[in-house]
Amino acid sequence: MLRIAIIGAGRIGVVHARSVLAHPGAALAVVADPDLAAAQRLAETSPGARAVSDAAEVFAAPDVDAVIIGSPTRFHVPQILAALDAGQAVLVEKPVELDMARLDECLEAAGERANRVMVGFNRRFDPSLAQVYTRVQAGEIGPLQQLTITSRDPAPPPEAYLAGSGGIFRDMTIHDFDMARHLLGEIASVHAVGVSTRPETAAAGDFDQAVTTLTGVDGGVATIINSRQSATGYDQRLEAFGPLGSLEVGNATPTLVRANGAGGSGMADPYLHFFLERYAAAYSAELDSFLTSVDTGVNPGPTMLDGRKALELANAATESATTGMPVNLDAGATRPGARSSA
Amino acid sequence: MLRIAIIGAGRIGVVHARSVLAHPGAALAVVADPDLAAAQRLAETSPGARAVSDAAEVFAAPDVDAVIIGSPTRFHVPQILAALDAGQAVLVEKPVELDMARLDECLEAAGERANRVMVGFNRRFDPSLAQVYTRVQAGEIGPLQQLTITSRDPAPPPEAYLAGSGGIFRDMTIHDFDMARHLLGEIASVHAVGVSTRPETAAAGDFDQAVTTLTGVDGGVATIINSRQSATGYDQRLEAFGPLGSLEVGNATPTLVRANGAGGSGMADPYLHFFLERYAAAYSAELDSFLTSVDTGVNPGPTMLDGRKALELANAATESATTGMPVNLDAGATRPGARSSA
Amino acid sequence: MLRIAIIGAGRIGVVHARSVLAHPGAALAVVADPDLAAAQRLAETSPGARAVSDAAEVFAAPDVDAVIIGSPTRFHVPQILAALDAGQAVLVEKPVELDMARLDECLEAAGERANRVMVGFNRRFDPSLAQVYTRVQAGEIGPLQQLTITSRDPAPPPEAYLAGSGGIFRDMTIHDFDMARHLLGEIASVHAVGVSTRPETAAAGDFDQAVTTLTGVDGGVATIINSRQSATGYDQRLEAFGPLGSLEVGNATPTLVRANGAGGSGMADPYLHFFLERYAAAYSAELDSFLTSVDTGVNPGPTMLDGRKALELANAATESATTGMPVNLDAGATRPGARSSA
Amino acid sequence: MLRIAIIGAGRIGVVHARSVLAHPGAALAVVADPDLAAAQRLAETSPGARAVSDAAEVFAAPDVDAVIIGSPTRFHVPQILAALDAGQAVLVEKPVELDMARLDECLEAAGERANRVMVGFNRRFDPSLAQVYTRVQAGEIGPLQQLTITSRDPAPPPEAYLAGSGGIFRDMTIHDFDMARHLLGEIASVHAVGVSTRPETAAAGDFDQAVTTLTGVDGGVATIINSRQSATGYDQRLEAFGPLGSLEVGNATPTLVRANGAGGSGMADPYLHFFLERYAAAYSAELDSFLTSVDTGVNPGPTMLDGRKALELANAATESATTGMPVNLDAGATRPGARSSA
């Protein structure tokens, strides 16, 4: 039974607490949040858990095997390192860090212990997306040639959130960058177009819509279509296309009901509202994978290096959308079994 | 080039004229209708065609190889026999005849020449339904166990039409009876429930909704769900189920557009309005099959005997819906390769 | 916090234990099963729960507010009454009882306390089916005219199970009978066709496929299509049709993936395997409704009377499928707002 | 009755001849093709049509009101001008011309008579795509923000065809460029990534896959995903997204059959094979629109100027895919009612 601490009692902390509660191999030991009342409310939902206001108590606790970090991004790096110093494994929410230099310092300080850190790119664990990955790897569609990801949030985040978000590419598209790399391998070049449809977004120097094209070192091309607003709900689709066919993941709806009438046919519910609903199963599977990696010492990823690569793509996309020019990356190793492409 | 006469310049005559015009192997020679103006309007759409008011002129014409009979049902039998006497092949609209005794007289009078008569159960020629037939015959789902047909018209016919229609089972369900026999083989027993939701229907001693259960001599069961009214349009679905899987035919819509918005997702157009739209391709394929049968002398059906069997089922269903009791049929030969069933 | 006992540590007991564990308003106190080891294994998954081998200990326990009865059907009646005598509320699995006389004795003995018993027709709580119910009640499709339920199990149950099952109508279709009544109101007449495709089924005097037609006292007609075997998995569909349109519930698949290739397009996973997967959310919602009814003293159903009505339909269907004749029921009160129908 | 000449008896000439035959307001008068036998074969399918080997005879013919030009691209410009000089209206296949200078000379020489030339961007007339256009114009989804077009051919064209095709952007994507402009308005900037997956393509200096991003002057962004090969058939999809929702056009299949079995559920046919099948209705509607424009003298487009704009985008995409840099266009007038966008 692995004893877990959760740092950050906000929305994502609640999700992780629920996954821990439902998992037979884990127990929640500590919840840490400067807002002690919030920490207490969350701790109360798990028998045996206690609340603290200072994350330092987590790292000093003798009864914590692993830490799930869901604090604001700027605290991630020191908390990762403190946990590692305390011998605790880490699951850290995305993005790991917005500043590349600080992230590199973290990686250097962590050294080989970086292997004990898993990054919360939850979508890799979604049953549908994971099945696409497995089937692509198995060669069902041949080498992946065109990957198309549509990712639209139901509604823009509050202005206060936007200010510290690092911009749409580092905050939102970063999930899609990780998924693109996961499926397509390393990326050679990034081109992005950003659009600000709302004055608030423009005022913040940010975009609320974006189309990003990633050219893989193996010749595949990924297209990512983002919007901060979607009337029908959380729009999460993916298509993997190769010479033998394609695999598509469509949207999920709360029920299976379809209505037919004089006005039209086949009308389903709007999509599941947002990531908590759409990726509920993914969060559970993510925790399970994390616990297994803690047990076995083998980290199947996403690793801190994956987090760094995603940030690199986000930085490149930000630059491209700002300058209008594509950005070439100094892409390193390619995925195993990569095809040559003219 | 086969020379065709069409008897009846109404809605269905227009459909057949259009098919003849588009077919490279046929030419329309005569259109006959007591309403000569209607016959002329239709004849004008085909270069070389002439209009007559008396069907007798068709049977006397030296330049007519085959006759398509789309006149009111009560004229079918004499016109079939007159055409056969004139050496002309016949495609006759359904139902061939509402009175079983008259139909039997027709069959007797026709004798071996009945082979030159094809009955217009157009749905057998629909590309989707024909594909289901072929795949069922090929064994894809194993022996057919459960057949479910949903068949709903967009709106009730005019009262005047109802009066001479023979009732819902002989007028509307007769298509489904033929399809059920086509797929399932001979029928041993019929149970039907009829409902009159409209006072006009009740006044006519008819039903406007019906659910019919057919038990096949081979153990398969067909369910037919009918309504004379459907808000979403012509509702035409079929499911063939067997031990290895199922084959479904869904509804067709005028376009491929699907709309998503705050109110719901995936909304398509209403269904194609009615049989002229839904079965446009079937009518063309039916004509092509008829012309081939005229050329080759081989009649693949539906034959007059198929028309008789469908009428037998319609009569049994009418009786069952009226008495509330199932009706057993003296079913004859079974389909080839029928399985035994406990 | 309501303290729950579960009688029966089998498959369905495990489902309920999991729902209790996840519910913030309930705690599992006791698990009873003659197989004490099984009871212990289940009790261990819930902190604070104990295992007993004799259900009598449940009724004697001072710390049990409500009992979930998942024992074999023949134990249901005495256990219901013992629980009621102990002042405990009851959620009993379906069918409540296979023998109508015994069920009536139970109802009489329970008297007004029958209000404290809820019957486990879990499908009423499925989010999709519940939404259809709500929208039909709200008048979206007008008065319900035709209800079509397809319900096919993935594979036949073991022979040993079949022997005590009461036959397909009492064991399997009973869910559909409850759903039909729930949506359509009281039933006036039942016609059923049963087929035995497997020698084992025929030997047991049972059917493994069935088509049942229910005529409602309000003029609506329900069709239920059952099979004990379905290659594609648990096939659970429903269509509610009225003058203004229709509402359909389709099948659920484990993922949202669709594959396209040279062989075809749009291929999804097989359906969710069986009821534990398909109705997982329904079981949770059922427990929640039960707990609310215990708290408030208001039982929204399904009640024991609903259980009795479903058994009555199952008995009628069994008789009809055996004799080939429809069975008329002495149907009582109709649903509020029923339309008159010719 | 408008008298039509068709120049070019190849695949597309056959399509147009069939549309003319089926249209009540037009008659085929002449078919011209240097391959006289091919012209004769096509002329024979239309009563009253004659075949000639020299297109000059078309322009000299007194009985030709309008010309449909389906000859190789390099002949388009002189044939357009000759027809206009002869007072004949023109429907010319895409691309009008591959060389911008020659196209401009054509436009200049045509002058006001350019209004009598319609360009064969057939997709504008597809019922599904036309419905999307109408609904977008009507404001159903609000101002169009993101347009995504997937367009994949079933198999690469022959090498001989490739050589004179002008490259993927001018030959294939040009349809998508026109559709993007049609829906989104004028384009400010083009970025394209081209990939050669086949040695033949690379040898020809061409690409067989491409992803193009178009930034509209009004702030909308269009993404076009192309491939010369698609295992499932002709892949033609479009999504129009705005603040109020989205409209999607999916793929068409030859039948409505869906198969379910142990291996999966919902499998439909592969997509309609290619453009002749997928856009059959579009070709008919295109002819109808052309005939109406000849009758009324009002040309609703696509005009030669639309053809020029599409070529401009194709040239820009070719440059971008070659250099890796985006290309800015000197975009002129915007669509009416354009929104301002940050």
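For reference, chains read A, B, C and D in written order, and residue numbers begin at 1 within each chain.
Here is the rule we go by: contacts are C-beta pairs under 8 Å (C-beta built on N, C-alpha and C of every residue); 3 or more make two chains touch, one makes a residue touch a chain.
What you are looking at is a predicted structure, and each value in this text was computed from that prediction instead of being measured.
Colleague: If you average the CA coordinates per chain, which chain's centre is most distant from that of subunit A?
Modeller: B
Colleague: So which one's got more C-beta contacts, A-B or A-D?
Modeller: A-D is joined by more C-beta pairs in contact.
Colleague: Report, in whole Å, the distance between the mean C-alpha point of subunit A and the mean C-alpha point of subunit D.
Modeller: Between these chains, centre-to-centre, one finds 41 Å.
Colleague: What whole-Å value do you get for the distance between subunit A and subunit B if each is reduced to the mean of its CA atoms?
Modeller: 57
Colleague: What are the residue numbers in subunit D that touch two or more other chains?
Modeller: Residues 231-232, 244-246, 251, 258-262 of subunit D each touch two or more of the other chains.
Colleague: Per the contact definition, I'd like the list of subunit B residues that touch subunit C in the complex.
Modeller: Contact set of subunit B toward subunit C: 145-146, 148, 150, 152, 189, 191, 193, 195-199, 201-202, 209, 211, 213, 215, 219-221, 223, 225, 227, 229, 231-232, 235, 241, 243-246, 324-326, 341-342.
Colleague: Touching subunit C in the complex: which residues of subunit D?
Modeller: Its residues touching subunit C are 231-233, 251, 253, 258-271.
Colleague: Any idea which subunit C residues touch subunit A in the complex?
Modeller: Subunit C residues touching subunit A: 22, 24, 45, 47, 127-128, 131-132, 135, 140-141, 244-252, 254-262.
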